[in-house]
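When the chains are written out, they are named A, B, C and D in that same order, and each has its own residue count from 1.
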Amino acid sequence: MEGFGVSLAFWILTGVTLVAALGVLASRNLLHAVLFLILLFVGMAGYFVLLSADFLAMAQVIIYVGAIAVLVLFAVLLTPRAGRNNGETRMFLPALLLCGTLLAIILFVITDTNWAVADESPSVTAADLGEALLSRWVLPFELASVLLTVALVGSIMLVRSREEEAEDAV
Amino acid sequence: MSGLIKSEPFTLNIGPQHPSTHGVFRIKVKVDGERIVDAEMVMGYLHRAMEKLAEERTYTQNIPFTDRTDYLASMSNNLGYVLAVEKLAGINVPERGNAIRVIMAELQRIASHCMAVGAFTNDTGAWQTPVMWCFRERERVLDLFEMTSGARLTCNYMRIGGVAFDLPKEFEPATRRLLADLPGFIDEIEGLLVGNEIFLARTRGVGALSAETATNFSLSGPMLRGSGIAWDIRKADPYCGYEKYDFQIPIGYQGDAFDRFIVRLEEMRQSVKIVQQALDALPGGPHSTQVPLALRPPAGEAYARVEGPRGELGYYVVSDEGPSPYRFHIRPPSFINLSALKEMTVGGTVADAIVVLGSIDIVVGEIDR
Amino acid sequence: MHPFLITDNWYDLRDLGNLSGRLLELLDDALPFGLVYVLAALIGFAASFLIFVLPSQLIVGVYGERKLIGRIQSRYGPNRVGPFGLLQPVADAIKLMQKEALTPKTADRALMYLAPIVFVAPCVLLFAVIPFGPNMVFADIPVAILYFLAVSSIPVLTTFMAGWSHNNKYSLFGAMRVVAMTISYELPLVLGMLGVVLFTGTLALQGTVLWQKELDIWLVFLQPIAFAIFFISASAELNRTPTDIAEAESEIVAGYLTEYSGMKWGLFYGMDIGYAIAAAAFGVTVFLGGWTLFGLEKWVPPWIIFIGKTHLFYFLFIWTRGTLPRLRIDQLMTFAWKFMLPIALLNLALVATERMFWIEQEADDSIVYAFAIINIIAAAAAVYGWSRALGYRPEETPLRPRLVSEAGGFVPLESGGEGAT
Amino acid sequence: MTRQWTGPEVAAIAERLVPGSVDRSTPVACYLRPEKLVEAMGALQAAGETDFVHLTNLCGVDFWDHFEVVYHVQSFVQNAIACIKADVLDRERPALPSVCPVWRGAWMQECETYDLFGIRFEGHPNLHRILLWDGYPGWPLRKDFLSMPGGLQPGLDEFSGTKRRLPPPVKVVE
């Protein structure tokens, strides 16, 4: 996609996404942070649209905004009131260091890679995507599902109370 | 839920300004998530010291006060009070007066149950439709009251020794028209709600009280009958010649909100039957005996009760031979029915608590007096 | 594009898309770069307001709903302002704008102001993909069904923002209920839509309509379960009455709207109707043949057919709202997880089998009629069987009280009085 | 018709079930001694011949020098009602055992009686002012309410009720 409108959309999206990302980091109120995160997700979906990946964009909104963000909100609401803000943390310096390193690596990779430029945007439909996922990439796809299932079971195990375990043991 | 995730219970004020408390009534509930762990009632926002006021007024002057306790059943309240005074003073009421009293009390029961049924379904969330339908029929009953007593809500119609006025000649045809329509209306409400899955799901098993608990909590009226106890003052202790009329006592199965609802619906049917019979056998003669205006009953006490729409409506009057009662006590059925509220709500959800409150059919004017 | 129907001439007003398309071309030639979008937006806004928003949102949504509910409740409904009370929505809007918009001291001001605004935007976006006619679709994107589901999940967050920002316990209840309910109802909804997509083989809404037109069958007959799930889920997410637990007025006092007043509340109210109409439009498009009506669309402008169908669908929402009591939150969740989800999965398996059969056997298109009969029977059987399996026994519930003639103590259930009449 | 138990009938049964529980009896009511009130009530509730399972009415009456608390109890199966009373002689700190252990539903009526008469019901699970607000100074249904703090408001001196019934009108028990 070319043109003034596209470039404008790109820059607006970039601005929104960056502001949202900064908001997630800087906002003291945990709930505001979650809402900024949602804005970030929407911005990402916008990028996908710009890249002509309609299906991915919609999936991004449905899954991240519609489901994951809602789950995060749920988690925030269920945490005790004491932990409802982004307090000061002793891990500030290590985290900064880690992020800096990561940024450096990514920047290096971006500049170092020999990007292939496509002449025209490939038209990938949802059908193609499904075809690819269920034929060529079926193993990673299924592995990912298994992984998610394991994570689900694990999280249930983690939050189980001692009484219930005793109940089950009987 | 409580075992899985640690949550802190917090207090939720239902009322005094809340659409479902039927007036200024407040429940402080402690909720854990949506589950109620504790409930405390706060009342008295409408307290008007009726019992104290009545000690300063003559026996006849007290009749309008009784209108204003349970303003949805003023006729029944009038009746309970005048019965107590008549019992105290040994006054007999002519046949026609008794028959008119029965007609009025039963019409009042229909009107009050209309309100109870409508408000209850509104609490279950049936967004005003049944309320409006019930109001439509209640309106016709109130028209009859207006025709006879001049007032719609606070009728002030019963007098010591009879009733205030004889029935106007338009009353009988109008009542017969109403009685012809009422069974159809009750069937309509039944068709709308009783078979409805959502309504059943919301009310079945909610606020269930066993017969023992209901008795122990001094409940009365549809609450007691819903729990399966066949107790109706009209049958057990007939007044105003109720023994002459053929009717039956509806009783429920497990004492839940649904049982109270169907008991009320059936009571309306029975009331229609009673009014029909009373109209058919309406005796002639005077409607009232002459009673001195400044009545001074002999010293003593009397407890008279009627089966009000909400339950046993009792009046306890002590006389010291003075012109006004020495002690005037009302046994308010909805106040006492509330005593089991905590029993019924704890363990349920907030939505259940609203349904339970609706099934008690409270009138705050009567609770606070 | 569709020679059987549209001449593609600009004067063919049976499809307003022709006129607007031609207009855009002309303007594009005449005007310098960029201005055309502004002008087109203005014209489009005015036109859609006149054709769709005015009749739908104001007349059907506000006036019609109030009037119909009034009739259901045996009263007149609005009849004072203007002829037949038709100006009532206008009067309401003026009243709302004049009202003071209160903000509680402890509220989260930013979120509270933001929530109504964010609530409005997705509603407008939803209509972008709805096909009003063969050419009358603003964005005929290939993933329109997904787009619709995605955009309609945003208002949930808004209602959550609204409920949380007030710092009011009732509102927080409403917010929690919205969040919990949405998670539960998205799942069967998406599974139900999957069944539809399996049949049609396209995610585009225009494609879905054309598929139905081509095979001369509405998807509601092919996918009765999906339709029921869509209707229930939509009414749950729209907070319409049988499932309006998030703003349950008699329990939590309008939930997330408790503290809103004035036009902030008005935006929520208006957009609630907007979402309901959008859901109705989506339902009509996917399940009820969209702008087609068995050939009648050749003569009657398709957009009129579409708007009429949408309003009839919306009538279903009004009807349920006027007559049904409200479910409890746990019952609603149980219904979603234990009832709708398994049935949706069953439906999916059935559809997949049928689709496979259709492709492998290279059967004639008329096989869809057989599928329709099978699916309707299967839907009835599944609903009945599964509800029995879950312990649903209506005949065991006595609906009339027992009657006794004598006063006395407790009447045991066995002795039964005179039994239910 | 509901059978009305007379005072002596109830008194005889109560005396037999719980010796020493009956104070005296009038044709209308049976007076129980406060110290044995709960025990006697429980016995009357449980006994088959009385079967007073339902406490209908509970209220207080002020007789200037003492209070009476009136209990109307009834049996569904026998269709009978009885009036039982208890005297509260101490006017400064009136108190009576609560019958909540026998009839749980008594709690609200006892609260009301406490609220309006100031009679403390000992053993009550949650005795509080139910109709008036906490901290209200007077006891409104007492006959001398107007001379209490919170009773007579400024400007009400000529109110007829203040002087009307100053002499005790009812014969006082010894």
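Everything that follows uses one rule, which is that contacts are C-beta pairs under 8 Å (C-beta built on N, C-alpha and C of every residue); 3 or more make two chains touch, one makes a residue touch a chain.
Source: prediction; values computed, not measured.
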item: Remotest chain, chain D as reference, centres from CA atoms; value: A
item: Which of B-D and C-D has more C-beta pairs touching across its chains; value: B-D
item: Length of the line joining the C-alpha centres of chain C and chain D, rounded to whole Å; value: 61
item: Computed distance of Cα centres, chain D from chain B, in Å; value: 25
item: Inter-centroid spacing, chain D versus chain A (mean Cα positions, whole Å); value: 71
item: Chain C: positions in contact with at least two other chains; value: 407-410
item: Sites on chain D at which at least two other chains make contact; value: 53, 76, 79
item: Sites on chain C touched by chain A in the complex; value: 33-34, 108, 111, 141-143, 146-147, 149-151, 153-154, 156-157, 160-161, 164, 175-176, 179-180, 182-183, 186, 190, 201, 203
item: Residues of chain D defined as touching chain B within the complex; value: 1-2, 28, 53-57, 59, 61-62, 70, 72, 76, 79, 81, 83, 103-109, 112, 116, 129-133, 140-141, 145, 160-161, 164-165, 169-170
item: Complex contacts: residues of chain A adjacent to chain C; value: 4, 29, 31-32, 35, 38, 45, 54-55, 58-59, 61-62, 65-67, 69-71, 73-74, 77, 125-127
item: Residue numbers on chain D that touch chain C, as the complex places them; value: 53, 76-77, 79
item: Contact set on chain C toward chain B in their complex; value: 69, 72-75, 169-170, 173, 241-242, 244-245, 248-253, 321-331, 394, 397-413, 417-418
